[in-house]
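For reference, chains read A, B, C, D and E in written order, and residue numbers begin at 1 within each chain.
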């Protein structure tokens, strides 16, 4: 192993945990925001939606599909000019946030879309009858009524983002996943590999636990 | 206020509404009755633009609903409260929030909202459930939330789809009184779909009977119940009995002193009668005896003269009770 | 699996399953025609990984692989208890340090960020180069004789080494102070492979060669395979693709 | 059949059922009435084990529900049909499939299932909607699906939670007749929760009145309506009027010839009376006049003697109508 | 660039399409089956479930979280002995199926779990009142009522599996994604990279289209 446990933790694991938390949190927040907006657009403009618009729906739906078609690494390199424009560099954890967000947003959008669709149409009709505008219906009815499902799906997506973040190592973002891959797997160091995986497990358990509690609370 | 003419509505091949003509005046309480599946709820939904119609015209306050733009339709709906047959409450909101919903939509200030919401919740008797979610309420409690929600913004028109079906007689009566009150004090126009004839009797001025999408009877409530024509008898499930004799439907109002009517009849005349059906009913303007009497044919003319003298409304029925 | 393998070999002598990783994949493809002349059909199994071709070879799923240098194989054998054999060095590229910002190693300032390979073998190679160029000094290799980022002992300029994959190293040239990279990658990314500011002293010990299972060291097909690699046709095709960024160790 | 004693049920701090004692006999039709939120639905749910109770005992066919194992409970439920207040239909199944559901659960063979399902659908009048999903049905149609589903397996016990609340009088009557029929022909025990007193009158043998989780009145239907005691008056929303005179509640059954009663009374006696409320009601065993008469105090004894002679049931009310 | 266009298509793209379709279809089927079973177990044994069992629930829930914690590549190599045991080799498309299935099953399980949870409790109660057993409730009520949602989530998961399959190149499985990565990205061949991505886009559009149609049909 060559290095003491303390060294390992200090130099590699600890910064990796910080980086992972940073990337996953920020990417979740941003992709939730964008995914949310996309989901709402899809929900509103679909055929049976509040304001059907085949054109807008088709365009957004296609964009979502196109982005979802890109293998993550390829998405990451394809948008490098954009990443550079946004954060000034294509390398590092901030640079990784851009593809992480872009890759997760359509995924979130699909999850949120299905969440919205589970809201009872009769309740929406009642809101319409009260004179509620589409915006009011979306925020006060659709979103509010689907909150537990949204929370659950957000949890699901967050864990997926954690998985994606492992690949962000390709652009030097660091983080637990890429430590596991690089220092662990590629350097034939099983203790680092499974050590980081254990930390990942703890993280995932934690996220899922919080998500479940949130969902129970919202129910 | 509401003018419907030649209204048509189809669900696929099913003709749900056919050539509906109806006029509901401002400040009126109008009853809509009919067999299950006749199209009552659909008509109500057409009136506030929830369901598009396929033909004819439907004007509310002179405006053709179907021609309204989105924003206009929304504004228009703000003047219409609706109580849904299945309540359609927000599952994740408590009673307070459900009732407050239309106030929020109207962007009323919070003081007014709070006051009004609490008032309504009190009026429907749900103060102690104000924090409960619909899931924790009984059927009737849910219905009362729906009622409070529909009335909280004091709309000019109120559409009630079986608004008291899940309520016990006492609560139902208090809700009906509430409706009567807002109708009288604020001139709210109310359309009530119901299967409970007592409800129609108690608060409606006029009523219409829908059968398989067509209006086959409409008019003054008392008059229609007095006439007891075949479609209404059919709805009420009354069977004709074929016996000899003259069957006379009578409506003895308070002014003719319905309580003493039969006693006086006997002391003043020697006409034999049988009370075939009926009893004392509560109409909007007071109680009255409504029922069918059987008179022997020989006495019928004299009896009718007596009724006229007593200012009792009556109709001779072809046959039966 | 040894016995089964032999049976299979007798039946299917004509098809050779050779593993390769992306950076040499076209090299292996280039042998197809020459090998056919020797009576073998070549099936290239492309791995997006540098460990799995060895795992697959060891379990008998491959006949051989052609993507690694000897130090890496030694390290792999050592770590996994395998006995894979490095037959002969065949070809190799060079690893160098490139920079678009600085013209020489001396110019690289303190706290500069330098891109470096993610994978063990190339990282080791780049670290050796970095020490040669005087960027830092290394201690003892911690990974079975190979250096890792943790083995940097003195780092006077406090350089930050950023591990990147192939594409990242290419992009890193624009965003970082410099990048270690392979000449071939530079060439494939349409950049000048000779624009380096430092290059490794000896690339021969990192020559890539055929690796087989121990018992196959003298297998029937090994000679023809090596022969096919060394034909003019193969080399012409490799040169055509990589434009001379690989050299041969005949 | 069903023996409830000391039953207690709490939702959190809310005591929903308190010390309920009730015995329902085999083959009986039992009515359960009470204010909205009184706990009627909860009691019904306790009976088929959907809701666990917190105290007391609830035995059906001698078996304590709460002590049943999972499989036993399931088997037990096969003998109990339930019509839910909110219908609870399978949204993604059509009418046929909804009604067939319990048959599938019972693992009945498909010929029998098909026959039985079509029969039930026909009985509730939904042949033309057999392929429709609940979403395409009107409120009353949904309710009828729920009714058909509960009855399709011909259970020994039927729990009806406001089974006719969404039905027009005609359809309701035909459903009630259906219930009466299965009760008489097959001895099905039926418990009906309802807010419609006509329903109780028409088909129930006995009834109980629930108030805030307690049973405050139980007995024979006719007797209770005749007695018109305070809790029942309260439920019906009847107000007391304080006037001088004796108020007598009378129930004139067919055997006393209710149709001719008032005429005969006048020809045979000279007692002045006022009909304060009431009318002809349809009870399970035939029609009768049920109402309150006001008699002047001096005449009351004589009047009561007359009633006795005529075999008319009566109760003197403390005061009021 | 070393290969003529026809060669490229014949030797690389065409087999890659076949491989991808093979891997994605089979992995979707298997992970749907396993995910389904897991989801049902979670749904049934949760606190408010049909047959609450804290022990079983906790164990399965934890296993799901643990598997979801593994970065895909690490999962893939960690289970090589198991893969070898199952399919006899650690490389190739069949070998890739094992980690693809194992990685997707918990993901599907979570998606299906949320789908199941969206079924109205009152309907379940009605089924109970009919005497339905838990199995009957699950198959005839829960699954049937959540069908459109299940179809939507299956679509979502299938596209995610397509994304994961790109990483199967690590075990030499081939397929469009890894062709894009290896021949395209790592060899800086943009035409291969974007060419394969375009095929992926078409595939994703197709999957989404079929999924939507299925869902509409089921509604």
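As a convention for this text, a contact is a pair of C-beta atoms (placed from the backbone, for glycine too) under 8 Å apart; a residue touches a chain by one contact, two chains touch by 3 or more.
Because the structure is a prediction, the values reported are computed rather than measured.
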By that same contact rule, can you tell me which chains touch chain B and chain C alike?
A
Would you mind checking the shortest number of contact hops between chain A and chain C?
1
Count how many hops through touching chains it takes, at the least, to reach chain D starting from chain A.
2
Using only Cα atoms to place each chain's centre, name the chain farthest from chain B.
C
Highest-count interface - the chain pair sharing the most C-beta contacts
B-D
With chain centres defined as C-alpha means, what is the inter-centre distance between chain C and chain D in Å?
87
Distance between chain B and chain E based on Cα centroids, please, to the nearest Å.
56
Distance from the CA centroid of chain A to that of chain E, rounded to the nearest Å?
18
Inter-chain centre distance, chain D versus chain E - centres from mean C-alpha coordinates, in Å
53
Note: chain D residues in touch with at least two other chains are 86
When you check chain E against every other chain, which residues touch at least two of them?
73, 77, 148, 167, 181, 185
Two or more other chains are touched by the chain C residues 51, 165, 167
Which chains touch, pair by pair?
A-B, A-C, A-E, B-D, C-E, D-E
In the complex with chain B, residue positions of chain D that touch it
11, 33-38, 40-41, 85-86, 129, 136-141, 143-144, 161-162, 165-174, 195-197, 234-237, 258-263, 265-267, 270, 272-281, 287, 289, 291, 294
Which residues, counting only chain E, touch chain D once they are in their complex?
51, 120, 122-123, 125-133, 136, 140-141, 144-145, 147-148, 218
Which residues, counting only chain E, touch chain A once they are in their complex?
61-62, 65-66, 68-74, 77, 107, 110-111, 114, 117-118, 148-149, 152-153, 156, 159-160, 162-163, 166-167, 177, 180-181, 184-185, 193, 197, 200-201, 203-205, 208
Sort out for me which residues of chain B touch chain A in the complex.
48, 50, 70, 74-78, 80, 82, 84, 86, 88-93, 101-102, 104-106, 149
What does chain A use to touch chain C in their complex?
1-3, 7-8, 11-12, 73, 77, 80, 84, 89-92, 95, 169-172, 178, 181-183, 185-189
